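Two complexes follow with subunit A in common, the first pairing it with subunit B and the second with subunit C.
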Partner chain A sequence: MKFSQGRCGFGVANNLLWLASILKVLLVKAKAEISLLEIFSLEVESTTRNFLGNRVCAVAGLDRRNDLWYDHEKREEHSKPVQMASGAGDWSSSPIDDYETLISTTDVELLKRAWRNEKASPEILPFQDALVKRAKEQIQLMEETVDEFEESGHDPLIVSLYQMDLDRAQFLLRSYLRVRLQKIEKFMFCIWKNDTYRDRLSEEEKSFIESCIRVIEKHLDETVLSKLPENYRDILKQSAISEEDDMVPEPQLDTFVVANCKRATRPLYLDSNRQSAVFDNRDDYFQMVPGDLCIIRYKPFREELINGNIDLV
Partner chain B sequence: MHGRKAYQLVKEFASGEKGQLKPFNRELFGRVLEECNEHHGALQSLIRKMQEEGLDVQTARNADHYGALIHHLSLTRNKRCLMAYMYNRAEIIRVLAWKVGLLHELPEEIQEKLSDSEEEYFKDHAKTLKSYMSQMGLDVNVDMVPPKDPYIKVRVLEDVGGGIILSDKSANFARHSMHFLKRTDAEQYIARGLMEELTS
Partner chain C sequence: MAGQSDPHVSLFSAEEVEFIAEDEMVEIVPNMTIERLNFISGDFGPFLPLTVNQVPLWLAVALKKRGKCAIRPPHWMSVENLTKVLEEERDSQGAFQALPFHYVEISRLLFDHAREDIPDIYLVRSLIEDIRDVRLHKVETSLEKFSGTSAVKIPNLSAMEVNIIRPFVGRALQAFYKHDNPEKIPDIDRVSSGQSRVANSEPPRRPLRR
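Let's turn to the complex of A and B:
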């Protein structure tokens, strides 16, 4: 159904010859605008909208509708005004405002947020299982669309726009998984023996970490441990008399992160020695409110991040 | 002196350039291990001596006890240094595995610097990553930099001839020739050092 919508959209676009020429100009400009950070074509679209005003929006609108990156529940809702607008050839401002709020709940945006948080946080965060699954499905659909376009001899420019969108989506997904894997590699012992951390892994990551540990244990055992006296052979303890594991690399939770507040956080003590649950009358606690952008110590805010009240940047 | 050699070992690792390996220092490594066993011998003979004197090893606080303690601490310190040396090298090996690409062998210059066990570790770890990727059905080792453009300009550095299969067409990839290719096609050759990306 989505596909037929898209194709019909393109039919309209092809009929309007002038659109093609505008699109070309627009691509050149848009390309110049893309920096490393703006890795998503949705951003390209919003840039182009600023460039060429409302009429081009209709093009972007068609594109967007065909784009498979919408939140499932909201997609229907959104496609209606677009259709009406492009049919009438006029573009009121309200769908754009809707679009802005809507865009923050799309899968791209969610994946981007998950990716940024994962990149910036020192510890491993819960795996976004459903999101990754959806992203994979959508990427596959997009691949099919691009292939179909290539075969049916569509305008190569449009095909390459789609290809670019696809490439970026794939990069985002891969980078997300990669950042996690690298974090797992780094803190494998710590993650494995801590139940909270272990529950944050996906099934695949669990078997990955098990295998990682097996391999490095074998390696360290062969080189160091088997050659030491008997009481000193444990991989996690310095010697047999250590009461707890005292040789485990752990993530540095006291590091500073840049955080953007979405929902107000609980009031928190920045001093980690004090319990945040108990407050006295002194006002040396700290609370973030929506819109705040702060550089904070990670540890007191880790709960807030997992609850989705703040985003890391 | 206690712990001096182990310190040298770690120092040597730390003085290396970040992310690059120095040759595995087999000699020093072996000597530290020897030292560990010497400490252990001394530790045991001290404990034996205390037992012969009829003292309780757990509670007695005489000169022999503190001697034994020093040996024990030197031993754990040496162990930590050895482990740190191996572990940090292993970390670099993992980073290399990501960089070189998992399907390929390490270049010879790097292989020379590894110990046998480390080579083994590289292979085992690459296997682990590969099995993760086949489980996910997704190759996470491509797309290492954010894509800007579906096409890039490359120059061929080594003679690769006709061995390259492109998704749509083939061309003559003579050495030093320049091409405008799909990024996805060119990426693997760039990672292996057969091509370079031209940026202008």
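Let's turn to the complex of A and C:
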């Protein structure tokens, strides 16, 4: 165990105590009314963690971000250069900036961003796997630290401050997972049959959605569908003559969201007939530059969101 | 359920907007020594009496509640600056003046918890209220001129103002868009009735026109 390295300075060989606290955490979590997912995903794994892991992971996460960035650029080369005509090259920053922002950003900040985006976007976004894992580890470590502080008779003021910090991080993580679960419950059939959406789920969410679909299907079948005429028994189709699944709720991608621009977006051609924006109607292309706050239709900007050029607020 | 707001009323509840604002940094002057705090959200301190420290607002408020520090009001909260902003806000009809994104929440928290740290608190408070009213009025009048589009720039609008107009503007724009492109959006009524049948926790969505 590398706890001795931890900056909170707690003892090295508290194996037993540590196990006990994990058990306690498990127990409390199981008792509290929490989603299936959280129980599934409570991992008790490596024993070597320290606070520095945070920064290391942030840098490790950087490579992935860069890959994404390069992918994006490559794709851009293949696509029509028409869109690039106005102000090419201007619309994004270098990977160096990414690095700068990443090392100066804490996981809480990243989690907050993920939470806001997830809350505001109509469709399900890619699961922030590494981030959630890091956040969980840090929260668990902080829980242990706070317990230790309480036992060792630390200044109650300090303990309560640490507890507040912990509560804030926990709230963000829980709310993030719950917002996703809400979306999954709402659009489960749509997500399940669409590969892109399905790949955005974590393993736990996948098993959740499977059992959820099973239960709903069984329930609807038993209560209603089996009593309907034969042609109307499908759970996804209105009747047997429907060619496609026309009873599957899909996310409404034409909803409007409020977005804050972090890196300049590609100039986007929005619609042909109506282009006038109230505050800004210069030309047919619409481009967001850093610092811009806009109300936008979600659909044309979904890639910009996933690429991290804009944040929803 | 960890403070989950009902997503159908408004995307973010007022509490959630305040939660976000509590991460903004403010300056405090502690009156006691506190060792360095290694939080998940970052490292702060060490705090020494009478030295200025940058901390997030929630920490400042927590320390202030226990009487361990004085909060320095941010520069934009000075009477001179606010008077200037209010004048410019009244003069320019279309545009909004630059204020911190969370100015409403920050000033509210400081008024509630750090009254004695703000010089001329009554003046400052009424100035901020006036600014807020002028801006909200401006938002309302510009909404009257609204037309269908896919993107609207709203420079300098604050978090609270965005949150207030979001449900209305979002639906209005969606309705505009729907009427402009009748073929693109499936009939909302049909979708929502299908939805209320499959996911029965969902109340049928109100049709956009009304």
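Quick note on the criterion: the second predicted complex is superposed on the first by the 197 of 313 C-alpha atoms of A that agree within 3 Å, B and C clash if a C-alpha of one lies under 4 Å from a C-alpha of the other, contacts with A are read in each partner's own complex, and residues count from 1 in each chain.
Keep in mind that, in the parts below, a contact is a pair of C-beta atoms (placed from the backbone, for glycine too) under 8 Å apart; a residue touches a chain by one contact, two chains touch by 3 or more.
What you are looking at is a predicted structure, and each value in this text was computed from that prediction instead of being measured.
Peer 1: Per the contact definition in the header, classify A:Met142: touching subunit B only (first), subunit C only (second), both, or neither.
Peer 2: In the superposition, A:Met142 contacts subunit C only.
Peer 1: Figure out whether A:Lys186 sits in contact with subunit B (first) or subunit C (second), or with both, or with neither.
Peer 2: both
Peer 1: Taking the superposition on A as described, I'd like to know which of subunit B and subunit C A:Lys218 touches: first, second, both or neither.
Peer 2: Touch status of A:Lys218: first partner only.
Peer 1: Would you sort A:Ala130 into first (subunit B), second (subunit C), both or neither based on which partner it touches?
Peer 2: In the superposed model, A:Ala130 contacts neither subunit B nor subunit C.
Peer 1: Touching A:Ala240 in the superposition: subunit B (first), subunit C (second), both, neither?
Peer 2: neither
Peer 1: Looking at the overlay, does A:Lys227 come into contact with subunit B only (first), subunit C only (second), both, or neither?
Peer 2: So A:Lys227 only meets subunit B here.
Peer 1: Is A:Met164 in contact with subunit B, with subunit C, with both, or with neither (first, second, both, neither)?
Peer 2: both
Peer 1: Please indicate which partner A:Arg178 is in contact with in the superposed arrangement: first for subunit B, second for subunit C, both, or neither.
Peer 2: The answer is both, since A:Arg178 touches subunit B and subunit C.
Peer 1: Could you list which residues of subunit A make contact with subunit B in one structure and with subunit C in the other?
Peer 2: Residues common to the subunit A contacts of subunit C and of subunit B are 160, 164, 168, 170-171, 174-175, 178, 182, 185-186, 216, 220, 238, 247, 249, listed in rising order.
Peer 1: Going by the contact rule set out above, which residues of subunit A touch subunit B in the complex?
Peer 2: Checking each residue of subunit A against subunit B gives 31, 34, 36, 39, 136, 160, 163-164, 167-168, 170-171, 173-175, 177-178, 181-182, 185-186, 204-205, 207-208, 211-212, 215-216, 218-220, 222-224, 227-229, 232, 238-239, 247, 249.
Peer 1: Where on subunit B is subunit A touching in the complex?
Peer 2: Residue list for subunit B touching subunit A: 33, 36-37, 40, 72, 75-76, 79-80, 82-83, 86-87, 90-91, 94, 98, 115, 117-118, 120-121, 124-125, 127-129, 131-132, 135-140, 142-143, 146-151, 183-184.
Peer 1: Mind listing the subunit C positions that touch subunit A in their complex?
Peer 2: Answer in residue numbers: 1-4, 7, 11-12, 19-20, 23, 34-35, 37-42, 58-59, 62-63, 66, 68, 94, 142, 145-157, 159, 162, 166, 169-170, 173-174, 176-178, 180-181, 184-185, 191, 194-195, 197-199, 201-202.
Peer 1: Please name which positions on subunit A make contact with subunit C in the complex.
Peer 2: Going through subunit A, the ones touching subunit C are 7-8, 33, 51, 106-109, 112, 116, 119-120, 135, 138-139, 142, 157-158, 160-162, 164-166, 168-171, 174-175, 178-179, 182, 185-186, 188-189, 216, 220, 235, 238, 246-250, 252, 254-258, 270-271, 273-280, 286, 292-297, 300, 313.
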